[in-house]
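Think of it as A, B, C and D in the order they're written, each chain with its own count starting at 1.
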Amino acid sequence: MNKGRLETFSDGVFAIAITLLVLTIAQPTNYDHLAHQLGHRLPALAAYAVSFLVIGIMWLNHHTIFSHLRLVDRGMFYWNLLLLMTIVFIPYPTEVFGEALSRGQGATTAAVFYSVTMTVNACLWAGLWLYASVGRRLLGESLPESERTISTVLFVAGTAVYALSIAIALASPYACLGFHAALALYYAFDPISRRVARSRGG
Amino acid sequence: MNKGRLETFSDGVFAIAITLLVLTIAQPTNYDHLAHQLGHRLPALAAYAVSFLVIGIMWLNHHTIFSHLRLVDRGMFYWNLLLLMTIVFIPYPTEVFGEALSRGQGATTAAVFYSVTMTVNACLWAGLWLYASVGRRLLGESLPESERTISTVLFVAGTAVYALSIAIALASPYACLGFHAALALYYAFDPISRRVARSRGG
Amino acid sequence: MNKGRLETFSDGVFAIAITLLVLTIAQPTNYDHLAHQLGHRLPALAAYAVSFLVIGIMWLNHHTIFSHLRLVDRGMFYWNLLLLMTIVFIPYPTEVFGEALSRGQGATTAAVFYSVTMTVNACLWAGLWLYASVGRRLLGESLPESERTISTVLFVAGTAVYALSIAIALASPYACLGFHAALALYYAFDPISRRVARSRGG
Amino acid sequence: MNKGRLETFSDGVFAIAITLLVLTIAQPTNYDHLAHQLGHRLPALAAYAVSFLVIGIMWLNHHTIFSHLRLVDRGMFYWNLLLLMTIVFIPYPTEVFGEALSRGQGATTAAVFYSVTMTVNACLWAGLWLYASVGRRLLGESLPESERTISTVLFVAGTAVYALSIAIALASPYACLGFHAALALYYAFDPISRRVARSRGG
């Protein structure tokens, strides 16, 4: 299994999934009141922006993990394939969520659906990481043992945080969307993860 | 003919075809009963997952074959183009299949259509392999003669197995979908193919 | 201007355009008579197959031309961008053509529209080739002068052949689709172009 | 952060965004009057062509900037991600603009919406450039200090020029589309930017 070709394939899938997000914003149906119709789509635009940031940061995460692998095997290929399956799926709940918020109908259900998708995704990230890192199965020497532990804690904690987003969805769909945006910003600015990234050469 | 650029082009086509699968799941039409509508789309989600695994494993297969080629020629380009034509087509029967199962209408026809597509695809895999391997036309030295024979048997048998899926489609559409999922899992876990892969350096 | 990155960008555009073709085949609307509806879409399937072959062979052509360039400049970038603009557009007339044939309405207009698109595309191929090859502006040493002349004749003649397809469209839409398929096969099997390709190292 | 992998990811996103533009041209609905319907879509075709040129030239711009960076960091990753978010979004206002012009309804609103999108995009280009170039944070030695100043002036002036397009949109939607086309041609032919590009090795 060639690591470079698997990275290129994964990069392609990330790039396409993030670009297909634009198709999740419904076109106007009535051009007589176009400004009103476009304003009505602001929640769909917000869902687009949040999912775009989330997939972009996932790409960065994928890139960081693979930079620490010294090889990939068939098991890693299948974990990666399952992970990509949930990432490729993200435009679907994004469209449902944005449309539900725009219509003001079914928003709680849509928020739960979005959060469940993200939770399944977080579990697959944790699984992929554990597969690669337990016993340092696929890890190279660039990642010190202490930071492997930190990463494992962060990946496992991530599943709990995303599970929490399901509860928030039940309370308020907009709070749920804000929570997912905040998580993306947290990954962008959180000093701890940046410290790890820096020592990782990221 | 540059082998690397043909691989990159093919990887791009695989990555896009696998990502377009998400468009095969119909959006809800009624947001008042969103949970009900999403539940109704579970068969389409299952068809998405099966086709995703199938295309992912085809990518792996393509990768393995090309890793054993010492060169590609115009004939190989055209076999590869025909093969890609059927792979790019897969989202279409996937959408038909998922929609037919969701509606409970035309499911047998849709399952046959899906299985015929997969059978044509299996024939093209066998043709591409025979073109590359008979007389070791394009093969490099990394693949021993004994394993070339095993691979040939597996590719030719694959066409019969996929033809069998057409018969299963006539008996039960859900059994047919399960059969395609089982084939994907078989390729993922089957010890013989993994042994071949290992000796291939995969 | 980095030649490699322009090739990669162009390859990506080719790969996506060829894959988006699958979206040109309209989904069934009535699942009670699914077999009938799928049969009804055979002309759209034929248009899909022809355009797929055409774009695939254009990719091969692009690959061959770029393999003979020693550099690319801004002028080449813009010729290439205009060329890609017509290639990316191909799914649109393909969908119109397939749908018109399926409905049995507007087929002549659709065939003319498809052929005009292909003719504009052929003119851009000729322009790009002339830009790169006149005075050997961008050509490397791998292409002998004699074969440069042959290629120039073939590219210029190509515009006339595609213009002829417009006349055929007026006579019969199905003959027009067959003519485009025959042109693709001609490029695949024609011994002269294969001889040129061989001497080009293709 | 690996500069090459970020370039490849960005190239993929550019290639997909530019290709998805073809989906912005609405299919005919009535095949009895196909020629009339196709003629009716000429404004959408014009919007497609303008956005295609704009994204293509943005790709060239991106390529030029990155060729002068000696490294990329997390801050650059996020600026690039925000930039890509607006580029991926371009097909949406393109479709709205083309459809509004075709229908003759809501064209002013659509032109303003298109121009606002382009203005936000221009601001992100300026931000990304300032982030990379102030204090030569990420710049390598290939770009002389004098040309860094010219580039900074051009990027900042670009935001004002795009803001001007909003005013033009209010006056005339077609003039606005022409203005965006002229800007693309300006970037293609303007001798000053070509001189900079030449000295940049472009």
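Convention: a contact is a pair of C-beta atoms (placed from the backbone, for glycine too) under 8 Å apart; a residue touches a chain by one contact, two chains touch by 3 or more.
As the structure is a prediction and not an experimental result, all values here were calculated from the model.
Engineer: Any chance you could name the chains that touch subunit B and subunit C both?
Structural biologist: Per touch definition, common to subunit B and subunit C: zero chains.
Engineer: Only C-alpha atoms count here: how many degrees separate subunit C from subunit D in terms of the superposing rotation, rounded to the nearest 5?
Structural biologist: That pair's rotation angle lands at 90 degrees.
Engineer: At the place where copies subunit A and subunit B touch, is the share of residue numbers found on both sides over half (same) or under half (different)?
Structural biologist: Answer different: the two copies use largely distinct residue numbers here.
Engineer: In whole angstrom, how far does the Cα centroid of subunit A sit from the Cα centroid of subunit D?
Structural biologist: From the centre of subunit A to the centre of subunit D is 26 Å.
Engineer: Using Cα averages as centroids, what's the distance between subunit A and subunit C in whole Å?
Structural biologist: That gives a centre separation of 37 Å.
Engineer: Would you pick out the residues of subunit C that each touch at least 2 other chains?
Structural biologist: Residues 8, 12, 16, 20, 23 of subunit C each touch two or more of the other chains.
Engineer: Going by the contact rule at the top, pick out the subunit D residues touching subunit C in the complex.
Structural biologist: Checking each residue of subunit D against subunit C gives 7-8, 11-12, 14-16, 18-23, 25, 27-28, 31-35, 38, 48-49, 52-53, 56-57, 59-60, 63, 67, 188, 194, 197, 202.
Engineer: Please output the residues of subunit C touching subunit D within their complex, sorted ascending.
Structural biologist: 1-2, 5, 8-9, 12-13, 16-17, 20, 23, 74, 77-78, 81, 84-85, 88-89, 91-92, 95-96, 99-100, 103, 105-106, 109-110, 113
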